[in-house]
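Okay, here's the structure, questions in a sec.
We just call them A, B, C and D in the order they show up, numbering each chain from 1.
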Amino acid sequence: MSKIDNSKRNFLKTSAILGVGVSAPLIFTNAHAAYRNEPKGSTVTFGFNVPQTGAYADEGADELRAYKLAVEHINGEGDGGMLNTFSSKALKGNGINGKKVVFVTGDTQTKSDAARASAKRMIEKDGAIMITGGSSSGVAIAVQGLCQEAGVIFMAGLTHSNDTTGKDKRANGFRHFFNTEMTGAALAPVLKNNYGTDRVAYHLTADYTWGYSQEGSIRKYTEAMGWKTAQAVNTPVGAGDFSQYITPVLNSGADVLVLNHYGKDMVNSLTQAVQFGLRDKQVNGKDFTIVVPLYSRLMAAGAGENVKGIFGSTNWHWSLQDAGSQAFVKSFGKAYGFPPSQAAHTTYCQALLYADACQRAGTFKPSEVGKSLAGFKFDGLGNGPTEYRADDHQCFKDVLVVKGKENPSSKFDVLEVVEVTPRAQVEYEASMLGGNLGPYNNG
Amino acid sequence: MDAFLLQVLNGLDKGGAYALIALGLTLVFGTLGVVNFAHGALFMLGAFCAVTLQSLLTLERVTLDPEKLTAWGTPMEIRTPYIVEWFGDFGMTLIDWSVPLAILLAVPIMLLLGVVMERGLIRHFYKRLHADQILVTFGLAIVVQEIVKAQFGANPIPQPAPALFAGSADIGLWLGFAENAVVYPWWRIIYLLFAGVVITSVFAFLQFTTFGMVVRAGMADRETVGLLGIDIDRRFTIVFGMAAVVAGLAGVMYTPVLSPDYHMGMDFLVLSFVVVVVGGMGSLGGAVAAGFLLGILQSFASMNEVKSLLPGIDQVVIYLIAVVVLLVRPRGLFGRKGVMES
Amino acid sequence: MSILSVKNINKQFGGLKALNEVNLEIEAGTVHAIIGPNGAGKSTLLNCFVGRLNPDTGSVNFDGVSLLGMQPHEINQVGVSRVFQTPEIFGDLTLVENVMIPAFARRDGAFRINGWGQVEDEKNVRENAMHLLEDVGLAESADTVANQLSRGDKRRLELAMCLVQKPKLLLLDEPTAGMARADTNNTIDLLKKIAERGITMVIIEHDMHVVFSLAEKISVLAQGTVIAEGLPNEIKGHPKVQEAYLGGAHL
Amino acid sequence: MIKFNVKNKDHMLLLGFIGVVALAPIIMAPIGGGYPDLLQKFAIFGIFAIGFNILFGLTGYLSFGHAAFLGIGSYTAVWTFKLLTMNVIPALILSTLLAGVFALLIGFIVLRRSGIYFSILTLAFAQMSYNLAYSVLTPITNGETGLQLRHHDARVLDGLFGVTRGEGLPSTSLFGMSMSGWSGYYFCGVMLIIMFYISLRIFRSPFGMMLRAVKSNQNRMSYTGLNTRPYTLAAFVISGMYAGLAGGLMAITDPLAGAERMQWTASGEVVLMTILGGTGTLLGPVIGAGVIKYFENIFSSFNEGILMEAFSFLPEFLQHAMVTVAGLFVGEGWHLTLGALFMVIVIFLPGGLMEGIARIGNVFRRWRKPKPVAPTEAEAAASE
């Protein structure tokens, strides 16, 4: 697990901070700062809060790899990655505002409580100026709320629920990843082209907030184009065996099964649905088909052969051919020997975007950094021209519709990009999802 | 009617799985009296026997293709499993059948693990408080889990069933229903049969062999049996090994249904305890009956008709049954008096 | 005057008739022994007095109150204490605590939360308990943990625990079972002292040496019925009793 | 035979306890634990474990569902903030009381059984609470995301007393004193001291003695004229209220209540804390809670960079080897260390960490005066 590349040794040395025995209580050190955790020395600390235990540990590990790469690039080490293709040229490879970037890490355990505890440690003890990472919406929303209260910036990791930049949005929080609304808008036309407008869908939905969000978006867009919804059934998170929910599907009159599941649930429900032979059947005179709205390449590998030909959406994929993606895949692949996941990509982008915003603002003060991020337009980070919308701190960019690959050339080659849905098609009014950013908090 | 039949079938299948998963725990917990929180870990280790065999079978010769480059600029690797190189199509078949073949691997490995665990650790805890047993076995479970995670990662690893058993059987057709009315996956039917065979063998072994007789006597009164000059300790070791094998086999065969990951044991731990206790401590038959009862009722509680009446019932049904059974029958379905009551 | 009056008790387990029309009158202030061969129903009878078993028919009256249907703790609260075949004590607690607990039970009733007061401040209860421990000869080890005692000392402790409650009736289930001869004799002496205080005792016993050293009246139980009753001397020569034991114990 | 005075000893213990709580920020700083959030967690889980110990340590009833009461406390507190006031006092009182009510209802049912059957019943109730809170009860609990404060919440009492609404979210306070950061810790610390003192009183009270009697011999207890059920129920309710209070404090220091707080693993955690520290001892549960929370928060934060620094005195190849080995046990491998710790403690110190402390105390005492002492004070304390 912890193989250390020799070439990274110097970098690791510089990144080591605040080990046991040298940390002074911050009560005494942080009294006269202009804002929370204002960096006083020659370094500035990022807090990488990712799942290291539990179901999303591998995804968290990939995020951490990407963060380390981003820090390297910001500090001017390595090949520079997407800094070379990034449209903003503010970062010069000498850290941010003249300070070198160092980082601390923590384990979210994919639990709101643990994630908040871990983020608090970074803020209170390690003096982190920004918290980023995470692999679920519940955690993202919980940590975003915390960062708002504490007065630091939160750069969300992998979080797909509408609420993160909708109902629960906060001024100090920013999300690069897309959401269920965009998934619905991007996926529906592709489904229409492939399966027609006369379909009946059966939803299995993970019984928690993200699941509801996903189901709502897919229903909204598929029903708008003429699909009917036979039934939407909530399934317990971590059910393991979904057979009792799959058995009624064939007799329900539905000819499409939509699996609003993520991670382990997705792997299990998809594997089991395929085992039930659903895809070999014909219903209403059409081939029965399965849709997985949100794909994760890392997790999809767990479902093996079963993903072949199944449509879904993803934030980014390493096979993209634009200069930014290629630069990122190249420097990530060189460092670790395999291509990055979408989680790695979004977290790398977030670290870079934050650094760039601080550099352009000339300070780390959350309100100033926030203002320089809000409404920021950029390109060259792998998703085409992108905008951090000021109204809800959500990135708007093209969305990828993907399909499980029929003939993979390697174990990383699981998905193929079917369509790049242009940004215009997935945009919506910020007011649609409700919520209130509120003011920036500088702590 | 067909929906009903389908849920009965599904309940039986789930019940079979629950019973098989809990069977090993009944042996250790219900009869030896050890609160074994590492039972889930044994189940998980069984599943990883399948993973190990699969990765052994798919050990690959890696050659570099000088023509093609990966996206990050290194030469593309061409991977061919040795076994396919050596045996051709037969090699492919071996890989295809890796899950059933893993049984052959799992039996000796799990037996060894069980015996080592009992000799090295558990036997020092027979007389200790249950709290101590919980702490030590829970600690062991975590250690085992983390080792597996360090080796295999945290993501689920797919273990497909042999191609022969892919897809589903249209059972409805045999019974005169319409096409697709009652469809059930082949592999789950196999699992149910497998569970039946394993459970029957364990029963037969304990019921009809002298070994089993001595063990059952030892459970009732360990000291007296010891006084008769019978080495009951050694037999208990074997029982523990047997429990490990049963847990492991349940794990191996479950992998096509549930892609194994390092955490899968913990997910089944609570369920196993509920099955054993609802069945009644010390009763193998009780555990099997409880497994089927819970499986079938869970299946029915998940029907849309039921869920619309009682939202969320499918999430709590298992615990609800546990509460009702334990309040109506103080020692579970078939529990013996005085076992683990203090 | 009889303090415990048992009338027409029947108890059946499945097809087995454990007690058959048992009648018994225990006089206040006497030591009454119930003897009989194994399986005669002695323990079943005792369990009917203390609320562990409910007889199928018949009545058990203590001091004018029916004991039937009462919980064990309620029966204790009306003044019946019990000594078990294997001493039942609080093994994890110290001797003085063992005796203080029944003292509290007698003073405060079956349930009272006194979570703020401190045991240490309960001087009276403690002194009382120490007195009882002195009476049974265990005062010196008052602060040791009860599990460390010998079998005989555990019995003494249990007796102290019963006596601290000033019971009107003391039930003893084979008080010397499993004891060495010396321990048995000590226990007999102790029981004699207790009897001198005028506490009514019912003893269920195998050991005839114990029975004839203590009992003022004896009832003989065989196959669930009382076959004989009387003074020790009367019982010794009773033909039915001889027959019932049939080479069992030497009378 | 010289008898030590229990009361004086307890007063010393309490004074020492207060001292440690007061100085914890300084004591914990050198080992990386001197920041408010972790110390708040120490105090809160300390309270949780102390309360659990009143049930498990004294009566021997092993509950696997106490996290449910913690969760109820948290949800109650957050709802109080939303509906009534941001002042923490009503939240604290209501969360304790409501948890007590639930404990009474659940306890009444589950205490009909003992031993393993009792454990499974508590587990079942807690798992039902968790599953429902996570899904169907989302309108009340806000499901996976957790119940949060909102700007437009009613806060009736605050409105009555004319508290002005700021632009952002309000924060919890004790009559104007903010409950985050160090003031939050000291508030929790004071609660911990109070709850510790209450537990001390209970341990030394006739009631506590009765509870230990229940654990020791229930049969004798009822033939002694005591009704065991109300005693166990009282202990169950008291420990449920402790859990509710701890849950309330969690919401006070961090106004968010998540369903995973009620999961069986959370119930298991408090069991582990208690056994690890020393079941039935006064201090053990607090120590156990501290150790587990320390591992969770600090060991998980050591990454390769920190390890490289720590082993930088070694030659390079050794440094790499050490980092690789140590890396298994920290950072993402912190669970491994915890698991191994559980095993080591229970194998070598059956009485938990308190037994370890008692043994160390013995070594010192023997070293001071060579003649062997009968059961020492520390042992007596450990066995209480």
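For the reader, a short list of remarks on this structure follows.
Assume a residue touches a chain if its C-beta (ideal position, glycine included) is under 8 Å from a C-beta of that chain, and two chains touch if they have at least 3 such contacts.
Source: prediction; values computed, not measured.
With A-D and A-B as the two chain pairs, more C-beta contacts join A-D. Chain A and chain C have centres, each the mean of its CA atoms, that are 74 Å apart. Spacing of chain A relative to chain B, judged by their CA centroids, is 34 angstrom.
Averaged C-alpha coordinates give centres for chain B and chain C that are 52 Å from one another. Multi-chain contact residues of chain C (touching two or more other chains): none found. Touching two or more other chains at once are residues 131, 135-136, 328, 333, 335 of chain D. Contacts with at least two other chains are made by residues 1, 53, 57, 61, 207, 234, 236 of chain A. Chains touching one another form the pairs A-B, A-D, B-D, C-D. Listed in rising order, the residues of chain D touching chain B in the complex are 56, 60, 62, 109, 112-117, 120-121, 123-125, 127-128, 131-132, 135-137, 218, 264-265, 268, 271-272, 275-276, 279, 328, 333, 335-336, 338-343, 345-347, 350. Residues 1, 3, 6-7, 201-202, 204-210, 212-213, 215-217, 219-228, 230-231, 234, 238, 383 of chain D are the ones touching chain C in the complex. Per the touch definition, chain B reaches chain D in the complex via residues 35, 121, 124, 128, 130-132, 134-136, 138-143, 145-147, 150, 266, 270, 273-274, 277-278, 281, 311-312, 315-316, 319-320, 322-323, 326-327, 330-332, 340-342. Looking at the complex, you find that chain D touches chain A at residues 25-26, 29-32, 34-38, 41, 131, 134-136, 138, 142-146, 148, 151, 167-169, 171, 180-182, 250, 254, 256, 258, 260-261, 296-298, 300-306, 308-310, 312, 316, 320, 323-324, 327-328, 331-335. Interface residues of chain C, counted against chain D in their complex, comprise 50, 71-73, 76-77, 81-82, 84, 88-93, 97, 100-102, 104-106, 108, 110-120, 122, 143, 145, 161, 165.
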